[in-house]
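The same chain A turns up in both complexes below, where it pairs with chain B and then with chain C.
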Partner chain A sequence: MDLKDKLVSSFLAFENNVDVDHPVHDIRSEAIKNFELRGFPNKKQEAWKYTSLNALKKIDFSIFPKQINALEYKDVKRYFLHEIDTYKIVFIDGVYSSFLSETTHDGVDICLMSAALSKPMYKQIIDVYFNKVASKEESLTTLNTAFSKEGAYIYIPKNKVPKKPIEILHFATGNEASLLLQPRNLIIAEENAELQIIERHQSLTSNEILTNAVTEIFAAKNAIVDYYKVQNDLKNASLIDNTYISQKNNSTVKVHTFSFGGKLTRNNLNYYQNGEYIDSTMKGVTILGEKQHVDHHTLVHHREPNCESHQDYKGIYGEKSVGVFNGKIIVDKIAQKTNAFQQNNNILISDKATINTKPQLEIFADDVKCSHGCTIGQLDEEALFYLQTRGIPKKEAAALLMYAFANNVLESVRIPELKMRINRLIANKLGVQLGFDL
Partner chain B sequence: MLKVNNLHAGVEGNEILNGINLEINPGEVHAIMGPNGSGKSTLASVIAGKEEFEITEGGIEFDGEDLEETSPEERAHKGIFLSFQYPVEIPGVSVTNFMKTAINESRKARGLEDMPANQMLKLIREKSELLEIDRKFLSRSLNEGFSGGEKKRNEIFQMAMLEPKLAILDETDSGLDIDALRIVANGVNKLRSKDNAILVITHYQRLLEYIVPDFVHVLHEGKIVKSGTKELALELEEKGYDWIKNESVV
Partner chain C sequence: MAYTEEELKKELETKEYEYGFYTDIESDTFPKGLNEEIVIAISKKKEEPEWMTSWRLEAFRAWKEMIEPEWANIHYKKPDFQDISYYSAPNKKPKYDSLDEVDPELLDTFKRLGISLDEQKKLAGVAVDIVMDSVSVATTFKKTLAEKGIIFCSISEAIKEHPELVKKHLGTVVPQKDNFYAALNSAVFSDGSFCYIPKGVRCPMELSTYFRINQAGTGQFERTLVVADEGSYVSYLEGCTAPSRDENQLHAAVVELIALDNAEIKYSTVQNWFPGDKEGKGGVYNFVTKRGLCEKNAKISWTQVETGSAITWKYPSCVLKGDNSIGEFYSIAVTNNFQQADTGTKMVHLGKNTKSTIISKGISAGKSQNSYRGLVQVNSRAKNARNFSQCDSLLMGNDCGAHTFPYIEVKNKTAQIEHEATTSKIGEDQIFYCNQRGIETEKAIALIVNGFSKEVLNKLPMEFAVEAQKLLEISLEGSVG
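Showing the complex of A and B:
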């Protein structure tokens, strides 16, 4: 049986474990029908031209973990931002771990999707927000919607700011030979609310893991959301990360994506501007080696006037790695005075590495400022020589230049400890010790 | 200290240096002058080890050792320093952190431990005062957004920090106003000693009023066509390079 058939037939088993009378279940039933109709995307589709799921589709993934697995904190501590105090929503093989988590209902709700989908007190919010910005057509998103049951649920009421950043961590123990995970997150920041989220998917063994995640983010008037995605997974872990963001007047949503690992990573990051004076910012640093593959697909839909969007993705590709950047900007006719900027700069440090970069601008308004630029280059020989003449060996000199290249993306990271952590990940990834904390 | 023997070098079969002979001893200051395109900067880069240039004949010895197989960083560790005409910008890496890396890499190459932080800070303070460099400047990203004068001053600051045996100053005076020139030259002069040597590469005589050379060499079409004392620089200034060009044809 192929993976699609297996998934469709598993839906019946899934229904035994959820409340089929809940209105959300109608959404799930619709979604599975959609997935059954469309199936997995393939390379004939423009959006999937450079990223193939064929190899993953051949793997016999378990859809539900057979047992509940536990982890000791000391064994996974290094994946947490343990230098500072955080709220934590932790899942092990897709199952919530209360032991590793620290949730709260103190003025804000930082808890579980399963709770939000089952308890009557959340019903009103679920009715208003659940699956309202996520695509009802994109097949992997509908697949996630069909099986949506668990994930992070974060609700920040008007004028509230949580005391500390929130970490969402997904561990895969590898106790299954191969496992498909489908977390579903819902994040709502009401008027003037502000929050910071750090998200990480981490496999702990060499067994095959495929995560197909969907996150919906709603930012109301004046809300500020900072979302950091740390993607530094093991080499048999793949991730399809679908993020949908709806913004209202004067809100700011920034998503930073740091892609340093994993086998295949596809980031679908979609912004919908539903108000004026909105700032949508997406930044990324990608550093790949081996045969790693990362595909960043961004969409910003400017639907109202006077808004901004900023995109800045930097990529460094070594060995046989493959990078894709596809940035789509749509400016509706009504969206006058839009400022949309897009930048994608890449360095290839191996002859066998590949980058496919494509800006896609659809502009229907006439009074807008839109700019895009992409570059593909090598390390500057003159700069390397300069550093070497100061006694810095070539390898370290190259690392320093790559760090400098990626640096302006890091400048906007607002959690200093996270910035340090990312710096260290970059140094590790580049295989150097630089004599100072970058 | 430095012996350049019949050096022929070029890039992709295009010969730029056509048999240079030059000997520099400890305590000496040499100046190389010459018109644009005479090979001045190429000579500086070849001594510092730039891989782009191929040595086709002759060679370079430093402290009795042939440098042919020596990488730029190893030359730096041996005590060769090149002040760049166009220093490179490195965003995100502060002047201080850059110097820490450079100094500790050199120490590592000599089998020494990292320099203790307090000693490093003391050294940075001392040398930045020498070049009249503001503290704030040190936490800025290396060369990023620096004015021409700031870049050059920063080059000499790096030289002061690294204390090379042989410092090559490639067009250090270009882009400097008279005040900056004085500060830079003053810094260089304070670093002069009987154990180190300086090779000044310049198009104009101006810098040599401040950094007074023991020897002046004139480079033309990849060859030293005339050598003399500091008076030669004045003569050149007066008569212009055409004088040399015409003379060398004869």
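Showing the complex of A and C:
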């Protein structure tokens, strides 16, 4: 049976385990119909021109894990940002692990989607926000919506700031031969609220894992959201990460995506500006090797005047890796005085690597400043030579230059420990020891 | 007295298409519709050899299986391909020995367009192969060219007189089945130009062709083939104006350029088909396939000024097959009122040390939509490929749109690709600066817009630059940022 049919028929089994009388279930039923109609995207669709899901569709994924698995903290400690204290929402094979997590209801709600969906006290918020910004047409998003049940639920009320950053971790133990995970996150920052989130998907075995995640973020007036996505998964783990962001006046939402691992990674990052004086920032560093494939798809929809958006994606592609960048900026007629900036720089370090990039502008307003730049090149031979004359071996010299190349993305990371961690991941990925941190 | 934005807008809107008139010449027109008989009939009418007829039929059969492309960022009512007459030739045929024999009414048309033949013959040194509707009615300067061994004639003549050359090259750059419109063109093309420059010859003059759409309801399917043999050079000009018509007219041309080793082809276009009136009624649909093939050390340079057509769908491309070959694309696309343009280029790097440059300037005014769509592709064996692309858009007014869809696909680590795009309007400070220096607003805008497009205008040959500026005038000078 093909994966689509399997998913559609599993929906009936899924219904046995959820509250079908909850209003959210109507949304799910609608979504599965939509998915059934559209199916998986294929390469003929413009948005999937450079990324094929065919190989993944052939895998017989388990949709519900058969057993509940536990992990020892010491075994997975290294995947946490353990140098600092954080709130933690941890899932093992899609199931919440209270043992590894640290949630709170003290002034702010940092807890579970399943709790928010079942407890009456959250109903009002769920009614207002759930599935309101996520696409009702994009097939993979509707697939996630149909099976939405578990994930992180974060609600920061007006004028509150959580005491520490929040980590969302998804572990896959590999007890199933192949597993499909569909976490659903809802993050709401009310007026003047501020929060930092670090998200990571980590597979612990070489079994096939496919994660189809959807995150909805709502930033109210003056809210500040910092979201860090660390993607350094094992080589049989694939991730389709759909993020939908709705912003109100004067809010700032920054998403940093660090893609170093995984088999196939697709990041769909969608910003909708529903107010004025908004700042939307997305940055990314991608370093790939082997046969890895990363596809960054960004959309910034400027719907109101006087807003800004900044995009800065750097990519280093080695071996047989494939990188895709498709950045789309839409400026509505009403969105005058928009300032939209987009940059995509790439270095190819192997003859077998491929980069496909499509920075796209669609502009309907005249008083705007929109620009995009895109480059593909190599390391500067002269700079390499200069460093070698100073006694730095070629490999380290190349790594240094690549560090420098990626550095202005790292500069805006506001958690120092995370920045150190990313630096180490980069050094590791480049296979060098530099003996210092940038 | 200050020149306000409102006044400019008004002036712009009321400016009617200057070249909109209709010449009444008896035409030999085929019944509407398209089937194999029509294709055969066209071929017969042109007295073509059999291989050409079967080549057309092959294209027609492929076309029948194809679907109209819908990916472009344009919206229009699809033409009914069975409601078009596929052949129309001015009746008072066939060949003229001198201009005196040409229908005086026809000559008058050209006079009104400001391209008096005799004047051009003498002054500009331009050999003009005039295509009125579909048949060549006058060819000049043939003699001078013949002395150098240059063949410059209509494609139907070439099929008859130089079959070996046509057979060898036709469809090698744009195959019959390349795309929907190319297939349609291959099946029904009525005429066009053929040009062959022999080895090592530098064409002594700019070659040019003027296209007109004249007969109501007849599509124009031009086919142009330019072959520059080893070490030769040619500069080819093409310009179009079309009379006002209310119903949409279809134009689906194919242009193939072949630059053999060390050859250089410079192909310039000024396009001013009828863009439709200010309500967006009428106008020409322009679906063109243009592509050039560069062999070793060859260079192809496309320059285009697009001011007309209701719909423009056009991507002059270069296939950089040979090592060290160079492709260039310089474009100004101006859209006003309800015009829609989806234009750009493809640079396909196959050989080593290939270089390409793309400079695209889009200017949108009124309620128009202007898109740049480009592809830069570096093949895995194309070592040291170099590309520089720049696409700038200028928006005038609040109802228009500017879009960029650049595709960059690189499979070689030695490639160096730069792409830059900006969108902006004319800055108030720029206008203020000019005002302050005593330059009135309208002139200031013209100045700024001219500066904006200068990089491309500069690439046009002298003879054409004047006309190009004249054509731009209508759309450019009257608009306000």
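Note that the second predicted complex is superposed on the first by the 437 of 438 C-alpha atoms of A that agree within 3 Å, B and C clash if a C-alpha of one lies under 4 Å from a C-alpha of the other, contacts with A are read in each partner's own complex, and residues count from 1 in each chain.
Just so it is clear, contacts are C-beta pairs under 8 Å (C-beta built on N, C-alpha and C of every residue); 3 or more make two chains touch, one makes a residue touch a chain.
Keep in mind that what you see is a predicted model, and the values were worked out from it rather than measured.
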Partners on chain A (chain B, chain C) - clash or fit: fit
Partner chain in contact with A:107 - chain B first, chain C second, else both or neither: neither
Chain B versus chain C as contact partner of A:431, first or second or both or neither: neither
Contact breadth on chain A, by residue count: chain C or chain B: C
Overlay on shared chain A, then closest C-alpha pair between chain B and chain C (Å): 14
Contacting residues of chain C [partner chain A, same complex]: 71, 380, 393, 395-425, 481
Contact footprint of chain B on chain A as seen in their complex: 380-383, 385-394, 396-397, 400-401, 403-404, 407-408, 410-411, 434-436, 438
In the complex with chain C, residue positions of chain A that touch it: 46, 333, 336, 346, 348-378
For the chain B and chain A complex, residues of the former touching the latter: 45, 48-52, 71-73, 75-77, 80-82, 84, 86-88, 90-93, 97-98, 100-106, 109, 114, 158, 162
